[in-house]
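Right after this note come the structures.
Same chain, two partners: chain A is paired with chain B first, then with chain C.
After this line comes the complex of A and B, so read on.
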């Protein structure tokens, strides 16, 4: 029972951050139909940005979010204006090549600036120590990360459902031309969508660096899991992506606990394949493919 | 509030594109390039993982070779070739694509015209790179451990460190001997390793030797190299009450495992299986004080008692802003000097002549001999039979040689902190 509880708690806490990464990816796809292969590198930017603020200005990594968040919003908006707008809502390979290229560029820059070494937050005990709660161990950084993930998910849900901006975004998603003719400035919506997507990825990175060392390829590890979470939920289902992340975390931990640590990713991908076969549009999609 | 805020009906085509592009992404990046100078230079190809999980070690290995190339050139180059200078040509093998290791090696041979190769640090990458070297008849010195390298009857492959089997066979006896001096009994053994082929084989070998030495293997765990949390696994390991944990894996994973073991209250020794993350600077940086006391098998360490080692280590630290010269950098450094001596002996920069000279090489002095045992020569299969593995221990934030006595810089400290 203890093993079950430990796997469930660890899986949920880890899954919250997986979900955060997945949510940004899903949002960008949902709004702009861009499958963003540089999304993992935006997570990386969040990791290295937090590292720089922690080591340079001695800012608590969670306080550093006050700088990371506006910076990431600006970065996302600028990227949309300069680069991504050229491939938004296109269906050809250009968006794939552009985002893959962007991914390689960011990785290479990280390699040059931060070296290939593993970098973590020296002396940040929240991420390195486990705290005992009865028979269960939790890492404080996991708990804070999970809370941040839930808050971000809730805020995004409110934004999308309760604000004019959210309604405009959903209208753009449903039919961009119709929304445009109704007065929605879709290009602005794309900028906002990308800014929020990049911002969520950077928040995830800021949380991750508290317990997982940064290296130039670290973003790729989480991108793969995020893609799985997004497909579990159904491409473009933003809150579903968060739930998909939770499922990914739980699946990994239950497989590790009750089958084999070595097979934890096998369990995850087995679930992924099962969903693709049985519900190709995702677990949380109302309409299923024929 | 609806849980379906934004919903789209993705086509199978989009999912297919995701799958294809994921596969493309997994292929990794291209080589970092580099060219050899023309005329009066001998090019040495340096294929190493410069991106991905093994990038830190790959970069270290490259740095060691580049330092040695500059040292050889500063000492007058290859005198029997009228002072010809060496030139290093780096290439990125990636960390996880043996096919890329083969293709960049082929490019180094065919397009860059290198006379010899040093690489590729990771066993799986070295296997495919060395096949290309063998087909082209270009000698390759490797820092990789796997036994497979020298079991294939190749004539152009030269393995500088001891093979995995030798390291695996010595791990348990070394640790037993070293800890016997501190009167610490070791009876219950846990083996934890990433599930990549080379380290897994090494871990299984260690478990087997431990059993043959009368120890009880209470836990054997293999984890994926990109593991993001080690809590569950570490609790399972600690639940078996091991006296000692043998650990293998890339740096990020090794950090996670040691951090978790320590925060769960495990204070016994952690011993690296050799190679991989435990010998990296990043490992020490990330763990802080927790790193002190961690042991690891190694094939080279910066503090071996040879004339000139202190100077080499200091110059490496100054040039690359590192706290010590790591194992793979040291092996590459030695490899370049061995290649230089072979060119000197052969009076030729032709690959086949260099290979022949390497087969007859016997270095017992100078930087080309800076391996445990202080001798570098190669058997017919390409093994360096006079070298042996060593045990290092992190003390004061750097790895120090603690066993065997021939290469001991400091005695082992009794327990991990």
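After this line comes the complex of A and C, so read on.
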């Protein structure tokens, strides 16, 4: 029972951050119909960016977010403006090639700049020390990360439902041409969508580095987890992707606790394929399989 | 006239390739790279059956490469069975796995197939690392040295591997050409161009896609056996790694997706480029091949979605359009638009 509660709590706390990564992926897919294979590498940029700020300027990683967030917004907008705009609304093939290519380039750059070894924040205890809460243990970094994830999710949900920008974005998600003809400047929406998507990924990266060591391949791990969460929620269901992330975290922790730590990702992937087979439009959708 | 040259170009390419070790790849190191290039070409031709003709992009063909490599290697290590038999068994296993993966996913929109192939290969990677008793885990699996013989697919020196890979490539190009010209090939392309119309015309779309995927997977598996025999070694990363999947798809796409010869040219060009750069930059940093793949992907996406095969037409070298199937880049656009509508 304690094992169960422990796995559930850890799964939820980790799942919140997975949810962040997944929301960014889902937003970009929803707005632009681009499956962004470079999304994991944006998480990686957040991780290494925070690492650099921590080692260089001795900034607390959660304070470093104040620099990471605007930087990431700029990066996302620039990428969309310069590169990705040239393939949005073309073929699936070109979008996949471009984002996959970007992901490999960022990975290689990380390898060159930060070496292939695993790097974590030296001397930062929040990620390793355990705090006892009754029969279970939690890590402070997990808790802070989860709180940040919930705040960002809430903010994004408010942005999407309560502001004109959000309404324009949702209109673009539903039907880009229709939105355009009703006066939405879709190209501007694409830039904003990409900026927010990259920004959320970098926030997740900044949180992750406090308890998960960065390595050039780490982005891939989170990309795959985000795929799982996004498919669980249904492609393009942005806030649902957060719930998908929570489920992914739970599944991973339960597999790790009750089957084997090495197989935790296999449990996750099995869930992914099962959902695709049984409910290809996601758990929260009422539509039938496409 | 042009068509006669076109018919002769195929055999001429293989005659030319057969002479390359005599004047260009003159030592074992270079010949080893040559073998690698041919194996990637073999894989690209295999990928192209479902990815190019069928328009279903697999980002996980390393799964079948790895299945082929591990099947023949394990049969050789544990039971002393010749890799020729092991390779054929590997092809069958890969085809069955393709059936199981394709059955639920090939009826969905194309992007789901891409995601599942990507994730499925990562599952195999994790499993291959976990069951280290069987596969040797990350340490890898070394194949036993035997007397060099064709029967055991083991030779000293790279020259024999070179001709073996070249022979396999020739067989695969013939298969691709036959598929391309057959009614099966036309059905695959019809599905790629417009699945609903194909269905309405009586093409059993899911069945045809499954057949294409199984054929593609089986063909890729034998390349795994070849690579394992060349290195006499196999490990999870090189068998099921993402880079391997990217290499396979990129070879075909870089050369010319959906054409018979594009994947051959693309696969060879890709390895030549990445190995060349790895050599030049090995003192500066490791892993230059990955960044080359990345840049090649971005370049193809931005400027050359038809691959190298579309260059002559783009540069206006072919005045008249030859009897050619629809350029895949154009047709894939239409299928995406349709998917967009369907949502």
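In this text, the second predicted complex is superposed on the first by the 287 of 290 C-alpha atoms of A that agree within 3 Å, B and C clash if a C-alpha of one lies under 4 Å from a C-alpha of the other, contacts with A are read in each partner's own complex, and residues count from 1 in each chain.
The criterion applied here is as follows: a residue touches a chain if its C-beta (ideal position, glycine included) is under 8 Å from a C-beta of that chain, and two chains touch if they have at least 3 such contacts.
This structure is a prediction, so every number in the text was calculated from the model and none was measured.
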| item | value |
| --- | --- |
| Fit or clash - chain C, chain B, common chain A | clash |
| Which superposed partner A:35 touches (first chain B, second chain C, both, neither) | both |
| Partner chain in contact with A:277 - chain B first, chain C second, else both or neither | second |
| Which superposed partner A:202 touches (first chain B, second chain C, both, neither) | neither |
| Partner chain in contact with A:104 - chain B first, chain C second, else both or neither | both |
| First, second, both or neither for A:229, with chain B first and chain C second | neither |
| Most chain A residues touched (candidates chain B, chain C) | B |
| Contacts of A:96 with chain B and chain C, given as first, second, both or neither | both |
| Chain B versus chain C as contact partner of A:112, first or second or both or neither | second |
| Contacts of A:87 with chain B and chain C, given as first, second, both or neither | second |
| Which of chain B and chain C A:250 touches, first, second, both or neither | neither |
| Listed stretches 77-85, 95-103, 239-247 or 347-355 of chain B, narrowed to the one that overlaps chain C | 95-103 |
| Chain A residues contacted in one complex by chain B, in the other by chain C | 35, 96, 100, 103-104, 107-108, 111, 116, 220, 224, 227, 231, 235, 260, 262, 265, 276, 280, 289 |
| Of all residues in chain B, those that touch chain A in their complex | 1-10, 12, 14-15, 17-18, 21-22, 24-25, 29, 50-53, 55-56, 58-59, 95, 195, 221-224, 226-229, 231-233, 235-236, 251-252, 255-256, 259-260, 263-264, 277, 280-283, 285-286, 288, 290 |
| Residue ranges of chain A touching chain B (in the complex, touch as defined) | 3, 6-7, 10, 14, 26-27, 29-31, 35, 37, 96, 100, 103-104, 107-108, 111, 115-120, 122-123, 128-130, 137, 139, 156-158, 160-161, 169-170, 173, 212-213, 215-218, 220-225, 227, 231, 234-240, 243, 252-253, 256-257, 260-262, 264-265, 276, 280-282, 284-287, 289 |
| Chain C-facing residues of chain A, complex | 33, 35, 83, 86-87, 90-98, 100-105, 107-109, 111-112, 116, 220, 224, 227-228, 231, 235, 260, 262-263, 265-266, 269-270, 272-273, 276-277, 280, 289-290 |
| Residues of chain C defined as touching chain A within the complex | 57, 59, 104-105, 107-112, 114-116, 118-120, 122-123, 126-127, 129-130, 242, 246, 253, 257, 285-288, 290-291, 293-302, 305, 329, 332-333, 336, 339-340, 342-343 |
